[in-house]
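The structures considered in this document are given below.
Both complexes below contain chain A, partnered by chain B and then by chain C.
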Partner chain A sequence: MNHNAWLAALTGELRRHGVGPDLTGHVVAEAATHLAKSGESPLRVFGPPDAYARAVADSLGGPDVRPPRRHPGPVRLAARGITKRYRGRTVLDRVDLTVRAGEIAAVVGANGAGKSTFLRICAGLLSPDAGTVAVHGTLGYCPQDGGTAEFLNPDEHFVLIGAGRGLGRAAARRAGRAGAAALEWTPPPRTQARHLSGGTRQKLNLVLARLGEPDVLLLDEPYQGFDRGTYLDFWHEVWRWRDAGKAVVVVTHLLNQLDRVDTVLDLTASRERDA
Partner chain B sequence: MTRILVVAETALRELVRRRTVLIILLLFPLAFYLSRRGDHLGQSIRFVCLGLGWALSTAALFAGSAARGIEPRLRLSGYGSLHLVLGRLLALWTVGVLLSAPYFLLILVDQHDVRYGAIALVMALTVLVAVPFGLLLSAVLPRELEGTLVLLTVVGLQMVMDPASTATRALPFWFSREIGTYAIDHTDGGYLTRGLVQGLSFAVALTLLVAVAAAVRLRQRRHLRFA
Partner chain C sequence: MNQERRAQWLRGVLDLCVLALLSRGESYGYELSQALRAHGLGTVQGGTLYPVLLRLQRSGLLTAHWREGETGPARKYYRISPAGSAALRAAAIDWSAFAASVGAILSEEPKR
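Let's look at the complex of A and B:
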């Protein structure tokens, strides 16, 4: 691994370990200076980028846990009394959720608790038996699977979704590639979606949901197939979107990030209440 | 208009990349043509038109089914259901014209003493009818196998039923036998008129039904309000 590749990898790893941009720049600059002067191999001097970044993060007392935004904006999504039954079985029972601009809501629950059903109802893809959803602004939706076209490459996906959002071809490609870069992914220009790995296809899915900067983002377990690094990148992106004033709803069954969201909707409670 | 063209372009790209499907699509009507080429030249024209209709309907059925997964996302991204329907129709009609052209040339070279203009009309109507027919099947029958079986039944009936019987007029490709008879056997203009009326009626009705089916399936649900 040459100096530049190692430094680039270190930059990504520091970000994943929650080190802020200023400190990351400082650490990387110092490492670059040292490597330039010594002429030694970075792996020999510092070790693998991941291990070195972890050591830096540990020396700072752990990742930078940001408190939730104190002053969330206006209501962007308001779901009221959502009830859904399948063949006589109540899956969702009078579920309410309010998400404001600059907030993240996590929807959690056991398998079959109705997490995806709730999100599909919020997206307007499924009708509830009772209840209403009000969306103030535009909506972006990332399904758990599907949502891409097998025979189109990533750029063609960007153009297709972008046209719906009113973006021209070049602008859609630029926006798509910028979104992909934030997930440490460079979309291959000619690879069709069917040839992408499961995790990479989910990255494409996520980037598509973000195209056109919708005000409300509904993400249904979008990290399926992500490796650890991409999973951390994903959460950093979600926090960045929150900081940019977006309302984000994430369906998840991974509870280790719940301390970093603003609202938790536990659908297991809804089922238990019904029982 | 931009949205319709983008949908059409991407639908065409998807179809062009299914190379095996394209080859089968191209050769399928040829098999129909050659099957009657030896014993009855005129019948081979009727058969090739039916083969074109079958091939195009099948392509439309599978294209429609493949698009079901991404269409709700496109709808949420700002497309209207009409953008999606018209874009896909445009792409498949284009494929239909490109698919029909070599067969028309083949008939021009291989067949004599027939009304070429009427044969071109049969092919044009076949393209106009077959595409929305396949798309409609994909809209009302979500599983491809079910749609394929219905298609098989319709085309099979079209081939075995007596074209003179009233019931066959309810089949979507009846016009091809009627106008085909006018073109091959030089019958009176009544055949042409009846075929034209039936073909155009089916083309319009099927296209409208496809648009309605998409509007219903991709409608904005009543519980959701955008402020």
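Let's look at the complex of A and C:
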């Protein structure tokens, strides 16, 4: 099997094993570089395409060997007694949440439990009927959708949002592209946001929330439309931010990551208490 | 050396060897495989090496970026992260203790 045939077969097998398109591109390019350099047969260096694709997929879902947890730092976000009513219905009833530097809090609950409402209140976009929110440090917020401007390309987004965080044009572009690379995404230079897929727009949203490295990150189900590889990238990034001392709040309905967060705020319970 | 046994041993320590090589400076896959060979570990095939690199990157112990080569295609360069350096330091101590224990057992005089 020649190089190109083997690389083409690998591309197909990686897809079959649920590896996302961006990461697939990287793995295939890296293999191609190695083969060009060593001049050896791909079967000898990497083995059959399906076996190598399986090894790659396994290494993505393999055991997590993150460094040991650091001690959480000072309180970054303190929400006390948050209460919100819509048309006589109590959506949030005296909800408390404290998140320290170096901690991840997951906000869970059924649809309509007030997860997004709670996050918008924490972000200062919505006023509670009672209760207070104290944020110590800078704040980044990633909405569930929206948040991008249809007619701007990714670089223009980086510059626009970066300016609000005190970054110059070049620094903002650099930070944006670095954030995108961490999600295995290379932003196309001239593509307007309206031409990006839903998952890619969410990557852009997430990168924007992170510009300027805010101390507190509020993420409202930011992984919608992500493929499996990007979803894993996302959680690895969240853990990295935590290890870098950020306070992260993630709204999620996927419970399989909850053993890897520090605090779980279940809003379903809050409503049932009310009923 | 028994090839199969060496492969088995290597499986347990390849990630540490990679971290140690990268603690001396950034490198890319092919160069790392050459360095492992130069250190007497034999041929570590790409099919073994790259999944290890990917796992270390996912765990935040390595960072990676693409850079155009002076000749040929772009290369993915790996660099050890502060977390990777910390993990390497801890594991190197554990490994010395482990290797010393194995050495002590293997070199014990048989009982009369």
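Note that the second predicted complex is superposed on the first by the 208 of 275 C-alpha atoms of A that agree within 3 Å, B and C clash if a C-alpha of one lies under 4 Å from a C-alpha of the other, contacts with A are read in each partner's own complex, and residues count from 1 in each chain.
Following the convention adopted for this analysis, a contact is a pair of C-beta atoms (placed from the backbone, for glycine too) under 8 Å apart; a residue touches a chain by one contact, two chains touch by 3 or more.
What you are looking at is a predicted structure, and each value in this text was computed from that prediction instead of being measured.
Using the contact criterion defined above for the overlaid structures, shared-chain residue A:Asp227 touches neither chain B nor chain C, since it reaches no partner. When the two complexes are overlaid on their common chain A, residue A:His136 makes contact with chain B while staying clear of chain C. By the document's definition of touching, of the two partners only chain C reaches A:Gly47; chain B does not.
Within the superposed three-chain model, A:Leu126 lies in touch with chain B and out of touch with chain C [touch as defined at top]. Contacts of A:Arg165 after superposition on the shared chain: chain B is touched, whereas chain C is not. By the touch criterion defined above, A:Thr148 lies against chain B but remains apart from chain C after alignment on the C-alpha atoms of chain A. When the two complexes are overlaid on their common chain A, residue A:Asp96 makes contact with neither chain B nor chain C. Counting contacts as defined above, no chain A residue meets chain B in one complex and chain C in the other. Residue ranges on chain A touching chain B, taken from their complex, read 121-128, 131-136, 139-141, 143, 146-152, 156, 159-161, 163-166, 192, 208, 211-212.
Put simply, chain A touches chain C in their complex at residues 26-27, 29-34, 36-38, 44-47, 51-52, 55-56, 58-60, 62, 64-67, 181, 232, 236, 239-240, 243. Touching chain A in their complex are the following residues of chain C: 28-30, 33, 45-47, 50-52, 54-55, 58-61, 65-66, 69, 72-76, 83, 86-87. Against chain A, the residues of chain B that register as touching in their complex are 2-3, 6-7, 10, 13-14, 17-18, 66-67, 69-70, 72-74, 76-79, 220-227.
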